[in-house]
């Protein structure tokens, strides 16, 4: 199940990447790179930090082709994209949660400390979007937006906690997934967000 | 032969890095870092992603000294640089193609899938320039400029294709190199470029 | 001793990260990420480049908690921070030097060439601040500021040189530390800086 969701997720993330590249008037190649990094960059960063070689997508070239096609497809249908805004946000939420759970699983399988497992999950969930925003020269949305990273954190905590309690793996995934989805959708529709920290001293 | 071209290439790339740093009024240290990352950053990113340790330049300190010297030299002769604009672009084209071929060879030698080999070649060719542009806070030129990444792609495809056809290695390198050079020079002199994707929806 | 200073250092660096995030109006999560990367990012980059796995902080979750707490604490006391400006700069100098020495030790222990050892030390000392500035979309301060990277360079050179001369390890650390501190404080109080390279040709 996680694997089907994963495929939907990388497709959706690749599309958000392509749109961000379009906002910066990038050429087709730039669109492809940003689509690729948005979709597969989170897992790449996680694998490098954990020393988990070979990196996932190098063993699954079909994922590479999928995200590149999704980027190209986005360019073709861009004019209609605003009609799908909501569907998009929901697919993106699926992606965030699926990435987070997969990230936790990888770190757990390598025997890392629970704190590192949580960070691996969050990194997988959000680093792709951070890379996209850095390459498009803007302050990463995830650091300023409504609850997004917090959803990744809660999903990771729930997954680890339920695992500790001995909940069977598939049920654990299902429950953590549902929890994340509910919170993320509330954040979107009700505008929940973390407090912002504004500091106005001159730069020293 | 590839190794001689490689040395010319990292020198030329270090110089473009130093100039970019100068446009941002960086101090001498900043110039060195940007020169280093522009010249050797592409290979570093490739080695990290492929898990190819130890990373190339850590075993060849002479390359480190070469690119640092090139950066320093650029600062000294900066006022004359605009006279060499065209020579520069051609050296840079040599670099792009040599980096791409070397990147393909490394990935091929590690037994990666052809799709990954192509990506390794392209990464080696262009990631240095992307790092340079990120550190200088601008949208990477390679995503908006005339055919550049596309040249890396064609060179990688040619190298893999001719290899598959059983063409002898040195002839393959020569032919792929020539192909890349012709296309790159046409792109420069005729202004060939990829279509740009402009997307004007508000950021969600 | 280096280990006590290390703990002070990552705390101070986490606080500078949190303040930088505050200047960009990031939410609490953004503050945490920037605090973490500023404090532990330099060592992470060094470990990845040297292939030194597992990465330091993944084996010391207590450091993760320390820097996250420091980030949170900074948000709470931000309004009083400007009173501690000088103390802060001194703690930051301790951090820079301690990080540099630790970086040199790691690379030396892995048998790298002296040039690479120096670069590993400098990377550990300054990469955290560079990551902080990239994520906050500004040209890294270290490339434009008064002597900072140069201090890391001198500390690394001194540590390697004294080691080569057969000076006992603890005395070496102490002497290199003192040298770095004196130069850094002079740079701060007397405004010492490297010459700036300004290049005003149009971007080609």
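Annotations for the structure displayed:
Per-chain residue numbering starts at 1, and chain names A, B and C are given in the order in which the chains are listed.
Keep this in mind: a contact is a pair of C-beta atoms (placed from the backbone, for glycine too) under 8 Å apart; a residue touches a chain by one contact, two chains touch by 3 or more.
A quick note: this is a predicted structure, and the numbers were derived from the prediction, not measured.
The rotation that brings the Cα trace of subunit B onto that of subunit C spans 120°, given to the nearest 5. Although subunit A and subunit B carry the same sequence, what matters here is overlap: shared residue numbers make up under half of all numbers found at their interface. Centre-to-centre separation of subunit A and subunit B, using mean CA positions: 29 Å. Residue positions of subunit A touching 2 or more other chains: 48, 134, 137.
Residues of subunit B touching subunit A in their complex: 48-51, 112-116, 119, 130, 134, 137-140, 142-145, 148-150, 153, 193-201, 203-204. Considering their complex, residues 18-19, 21-31, 33-34, 44, 48, 53-55, 58-59, 61, 64-65, 75, 78, 81-82, 85, 89, 134-137, 141 of subunit B touch subunit C.
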